[in-house]
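Each of the next two complexes has chain A plus one more chain, namely chain B in the first and chain C in the second.
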Partner chain A sequence: MPSTSPATPRRAAILGGNRIPFARQFGPYANASNQDMFTAALEGLVARYGLQGQRLGEVVGGAVIKHSRDFNLTRESVLGSSLDPHTSAYDVQQACGTGLENAILVANKIKLGQIESGVAGGVDTASDAPIMVSEKLRQKMLKINRGKTTVDMAKRALALRPTDFGIETPANVEPRTGLSMGEHQAITTKKWGITREAQDELAAASHQNLAAAYERGFFDDLMTSYLGQSKDQNLRPDSTVEKLAKLKPVFGKGEGATMTAGNSTPLTDGAAVVLLGSEDWAKEHNIPVQAWFVDGEAAAVDYVHGDEGLLMAPAYAVPRLLERNGLSLQDFDFYEIHEAFAGTVLSTLKAWEDEDFCRDRLGLEKPLGSIDRSKLNVNGSSLAAGHPFAATGGRIVASLAKMLHEKGPGSRGLISICAAGGQGVVAILEGA
Partner chain B sequence: MTEPTSSSVATRPQETFSSAPSLAKVFVKAAMSGKKSGSTLPATELALTGHAVDREHLLRYQRLCGFPVDDVLPHTYPHILGFPLQAELMGRSSFPLPLAGLVHVENTITVRRTLTDDDVLDIAVHAEDLRDHPKGRQVDLVTEVTVDGEPVWSGRSTYLARGKGNPDAERGTEAPPIPKGVAAAQWRLPGDLGRQYAAVSGDVNPIHLHPLTAKAMGFPKAIAHGMWTYARALSALGRGANGPSTSHVWFKKPVLLPGKVDFVVDRSGEPVVAGLRSTRKPETEHLVLTLETA
Partner chain C sequence: MALSYGQLVNSGVGKQLAATLGLPRPAKLRRHVVGGSLVPGAVLVTGHGDAPVAERVRVLLDDAGVQVASKPSTSVAAVVLDLTAVESPADLETLRGVVGPALKTLAPTGRVVVVGRPPEEATSVAQAAARRAVEGIVRSIGKEMRAGGTANTVLVADGADAGVDATIRFLLSGRSAYVSGQVFRVGKPVAPIEAPADWDKPLAGKVAVVTGAARGIGAAITDTLARDGATIVAVDMPSAGGPLAEVANKLGGSALQLDVTADDAGAKIVEHAKARHGGFDIVVHNAGITRDKLLANTEADRWDSVLQVNLLSILRMNEALVPAINAGGHIVNVSSIAGIAGNRGQTNYAASKAGVIGMTQSLAADKTILKKGVTVNAVAPGFIETEMTAKVPFATREVGRLMNSLSQGGLPVDVAETIGYFSWDANRGVTGNVVRVCGQMMLGA
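Moving on, here comes the complex of A and B:
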């Protein structure tokens, strides 16, 4: 009487990725929808790996800001691609953790033998955002619509007031606190004493690293141009600490305010996908394995009552992941810490170095310690590339897998992505 | 503006345009012109050279016809770039048939390679094969698109001028039967579809714009542009048509707007056959098309 799955866990391979260049809000993708962009990223992947007409195990995508009509966003994108229409698909939404969570889901199914191949990714548009009517108007209109007769409906329509009319667009604000993400991070940045200079240094490095990566053609097989855009629009190769120092703070108040438009990610449009598969599937399709998806972990913090910073969940997820895999924080060749804000990355790193935090919050005997900063975001990250929320996970997984492949078998990379709602998703990849 | 040069396709005198002629002007001019006659076609080839794709325009076209919004030019897109040249040629006094009375009855398109918005297109249009038809006379307007001298796309639009026909004349290629069975999809076409397509294609023929202008031209309601129905049906067949492929469409009864049509498709053989028929009266066939992909 077999009580376990017939398949024993096996390895999940990352075989490649594709994304469209990220563009600034209301920029070249202003008229492109989430479905347009995700389909374009997916179709680019299909073309690169010759997957036309093939049935994949599944495609998992999602968007943080989504129209209600896009309920089947990922499935619709599959149908608009050259993949076999028999490929199933579904949407996931875990804020900025969406893309990485999707990669964990696909990798897990591959490990369990449930699927042989899959695509994970995400997309977001800050330009083509849904418009909502005021809650009062919505309720009244629903009531009118429920009217059985025209007279009935007309009577109910009399309840409409001029003040009911008005539109709302999704805002980058935490529903439970009313604070924007930047305002939340400003509290954390201040608490950890992260200086303006340190944040600007990280931002300048992000731009310089991303520019250098383009320069040596790193993205040639990770990207397809879209609507005339062939590079991340937000990239400023000539960014320096001096230039960044001139910007005025936008988050936080008064003397101690350190967060500017330069060391915070701008609102962006874009999409990214990653191809995963079993070893056998990769062999059959003659696609070299770039990296192995070793393990993933998610964590959440109680930011609602101010106990912890909104974007600090990865600080909790990483030690759990390390312990499960018998690794220390220093056992990595590359660290990909998503730059929601420069302050987020630096607060997280500082927390791991802090004895009190590691003991009181993480329950560790000694701090996780420092990392070699020369291994951090070596090809740039969200400050330079931009951050279309759900697309960031796919961007990072595909880039890191390629970096690890270049580094060689056994090399290791750590991914850490913070997300709205006090969540964080982290993962370990290993070079193949 | 005009500079006769030799054409790569045949030795025809060529007139080159640096930007597409305005269709509104062409239509007005054609409406004012007198009766046309004759049995010879103008030998001139009209060319639009160095056309850079307007991404904004491409996006509006892709969106309206249901194609993916990306950098690939849809199968039918070069046709609307060449159409102003077609209309200009047919509107001229040297053209033997009246522009206003021409009915687009058939069209073939061959895409030789996938075209993207980076391709700078040279578009040339000429008329050929003026022939008798049982219901009047037919002519083909041939559009050739090249990129750096490489032939990449060609289209042949067949127009019928109703009139005194020749009962012994050949009817041309017969359309395959429209696929039978249940509709693969049903499309509700809005009343302003003709205006929407006119805004993108520039084809402001009054029969498409409004019930009143259509009535003035003898139609009960505004009718959908044939090229829209053709493009919409191709987009429903998937991405294959935007790569190397050949399509052939036969336009039958016009689609009245607003309206509801059934999309039917038979993919069991080569080529794929698709059609549009009226949802309310399935015996009314609007178009049949075949598509061969490489």
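Moving on, here comes the complex of A and C:
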């Protein structure tokens, strides 16, 4: 019996992307829902690539902070878009790794011949957050609702106490440690001895690089304006180390505290999507291939019981990915390391340079070594653009694919994204 | 929203008042309807002496299923008069004798189309005088027309009669609703004239690049060209990306975000159109801005930004677009009545829009472009109802609306229809034309 699936995996092409400008929490997108923003990002992509009425293999999206009504967020967004409504869709949630994980999923299905095309992305709103009632109230309300008679229900309602009434909003806090992400990173930043100056330098470079990218029109075919916003609201083109040095630390305690609002990402609203396809599909649709999605890897660390930092998982994922692909850390033209905090990027880089860490934690004979810093986040990253959690992967994949396309065939890029829960998602792209 | 003059004089008391005072009452114009007839009634076709164009028009009307009338009546919706054979001003009596009586019974939204030969090609002084007189008569008729009627002149070069059909069709149809008092010049075709298989889809299979496509007149241009069968590459500033995406998604085209003033704008359009659509046949340079101020108060940046966006960008983009446009294609530039008549507070804008006319005429005569068989024309909109003109102060706005033979502002679609007409492959005899879409505005006429 001949097999119906392709004998060998095909290549998965990245064809382009789109995002809406990212906005600060309670800013211009304060009244936009995740569905509104994801639909807008999709519509911009559809318009750019003329995908109106087309059935894609699938659309994979997701959000870290979601209303319960958004159980089918991505599918609902597809139905509200100009795509063929026969396009299937599903949601994934892997914290800040969502967007990149979705790209891995779509790329893998394309490689296996299961689909010919797909969109991967993500969205998050820090403004239009779901509100929950207190756990006590919720339990009592459910109990009341289970009452069979009115009397029954009334009796149960008597159990309600004024102190039960309260609301909870999602917090950027690890459930198992009670520490915020910033507090976690502060521990790691201190452990790796990352200086305030180094963090501020990275933050200033992020703003300056992003501003320069806008200036040269880099985002003209990566972004679609939304609600009057045509640039990332968080961008401060005139940001300098001197200005950043004036900010007071917000994470960590005492003299060793180095993390400020300037070298940490702000809460942000936004959405991003990436179009992927097989080579044949790209050709049939006259869409030039920008880059190849070579491989992806996810890792997790035990930040609860072990002594690893919450956001250090990419440090583990990257060497595994490199080994599988026979590459060294230096074999790249661009490094896109998500700037959750400047300290995260610098801790990760330092860990890869550290002999003990690479030997003891990664089981490597010698350190991965250092990277050419002029290749790092060359068009800015999350510190300047902002970081709507699930949208960041799509932002990075689309931007890197374009950079690699500009660089030329065979150029290589590494993506590293840390995520809540001690996770990390990383990937390799190659220019086409 | 404040009641406009047009609404006022067409409703209740206002209507009576207007009738009593003899105020103009804007008529509802006849606009193109897909699947509708070319002209809603018979067409009176006649001419002076040996009238070769009249004969063509009869055949054309016959093909279009339109009845040809031989004398005026209330069922006549248009008059086409062939004066190509006039030798002396005395011959113009034919026009008086035919059009005069016809005007009394012409149906509402009627059309008068007078065809002549270019005065500069005349072989005698008397003939030149007669030929030139036609334009004066027709412009006057335009001002005498009632009920949304229009009158236009078509000057056909000797030996170029085959190219006249497209213009006759356009002028008889609802596509020319807001075009009146204009002179169309038909010359030797720059490439073979190709009539479309379906006159409701004259742009079928064509790819059209439209700049400034996100809003206003630009969005109407994309709508109209797409309706007529073209695939649209909708171009606008990245800051207009959201509305631009809506335009592209509505029409099934592709959106291209770029700043037309960027050095590589033309190259990027070419790259996009070639990669995604295999090339392009039509370019509409519509992107434009205003930065109004009296000249005395106009700073350098206000001056420069308008010239950059409205004129210099087109010159720069054309360096890439002209070599890349498909042979037999069409370039249409958007000028303005301000570029013809001038406008207080708009020296920069008038400079750019008058410049567009110079550029259009020069490029149309360019050897390379002629060799490629590409036509180059311009539209000059008058008062068009857009978001932009809605912001004009009431009195100024009403004056703008009423100072024309049709006593109303035009719609963005009216500009778009003329652009569409310039883009027909059946219309390769018309190049270097500047047609005003202004309802025969009194300014600069």
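Criterion: the second predicted complex is superposed on the first by the 424 of 432 C-alpha atoms of A that agree within 3 Å, B and C clash if a C-alpha of one lies under 4 Å from a C-alpha of the other, contacts with A are read in each partner's own complex, and residues count from 1 in each chain.
Everything below uses one rule, namely that contacts are C-beta pairs under 8 Å (C-beta built on N, C-alpha and C of every residue); 3 or more make two chains touch, one makes a residue touch a chain.
These numbers were taken from a predicted model, which means no experiment stands behind them.
A.B. asks: Taking chain A as the common reference for superposition, should the pair chain B and chain C be classed as clashing or as fitting?
C.D. replies: Aligned on chain A, chain C clashes with chain B.
A.B. asks: According to the stated criteria, A:Tyr226 is in contact with first (chain B), second (chain C), both, or neither; which is it?
C.D. replies: In the superposition, A:Tyr226 touches chain B and chain C alike.
A.B. asks: Which holds for A:Ala40: it touches chain B only (first), chain C only (second), both, or neither?
C.D. replies: Both chain B and chain C are touched by A:Ala40.
A.B. asks: Applying the touch criterion given at the start, work out whether A:Asn31 contacts chain B, chain C, both or neither, answering first, second, both or neither.
C.D. replies: Only chain B is touched by A:Asn31; chain C is not.
A.B. asks: Under the stated touch criterion, which partner chain does A:Ser411 make contact with: chain B (first), chain C (second), both, or neither?
C.D. replies: Touch partners of A:Ser411: none, neither chain B nor chain C.
A.B. asks: Taking the superposition as given, does A:Asn286 touch the first partner, chain B, the second, chain C, both, or neither?
C.D. replies: Second partner only.
A.B. asks: Between chain B and chain C, which one contacts more residues of chain A in the superposed model?
C.D. replies: C
A.B. asks: Classify the contacts of A:Asn377 with the two partner chains as first (chain B alone), second (chain C alone), both, or neither.
C.D. replies: neither
A.B. asks: Once the structures are superposed on A, label A:Gly50 by its partner contacts, choosing first (chain B), second (chain C), both or neither.
C.D. replies: Second partner only, chain C.
A.B. asks: On the A-aligned overlay, A:Ser82 touches which partner chain: chain B = first, chain C = second, or both, or neither?
C.D. replies: In the superposition, A:Ser82 contacts both chain B and chain C.
A.B. asks: Just one of 38-46, 164-172 or 272-280 in chain B runs into chain C once the structures are overlaid; which is it?
C.D. replies: With chain A aligned, chain B clashes with chain C through residues 38-46.
A.B. asks: Can you pull the chain A residues that chain B and chain C both touch?
C.D. replies: In chain A, residues 40, 43, 82, 225-227 are touched by chain B and also by chain C.
A.B. asks: Where on chain A is chain C touching in the complex?
C.D. replies: 40, 43-44, 46-50, 52-53, 82, 217, 219-221, 223-227, 230, 286-288
A.B. asks: Any idea which chain B residues touch chain A in the complex?
C.D. replies: 55-56, 59, 68-71, 117, 238-240
A.B. asks: Quick check: in the complex, which residue numbers of chain A touch chain B?
C.D. replies: 31-33, 36, 39-40, 43, 80-82, 225-228
A.B. asks: Per the contact definition, I'd like the list of chain C residues that touch chain A in the complex.
C.D. replies: Going through chain C, the ones touching chain A are 234, 238-242, 244-249, 252-259, 262, 275-278.
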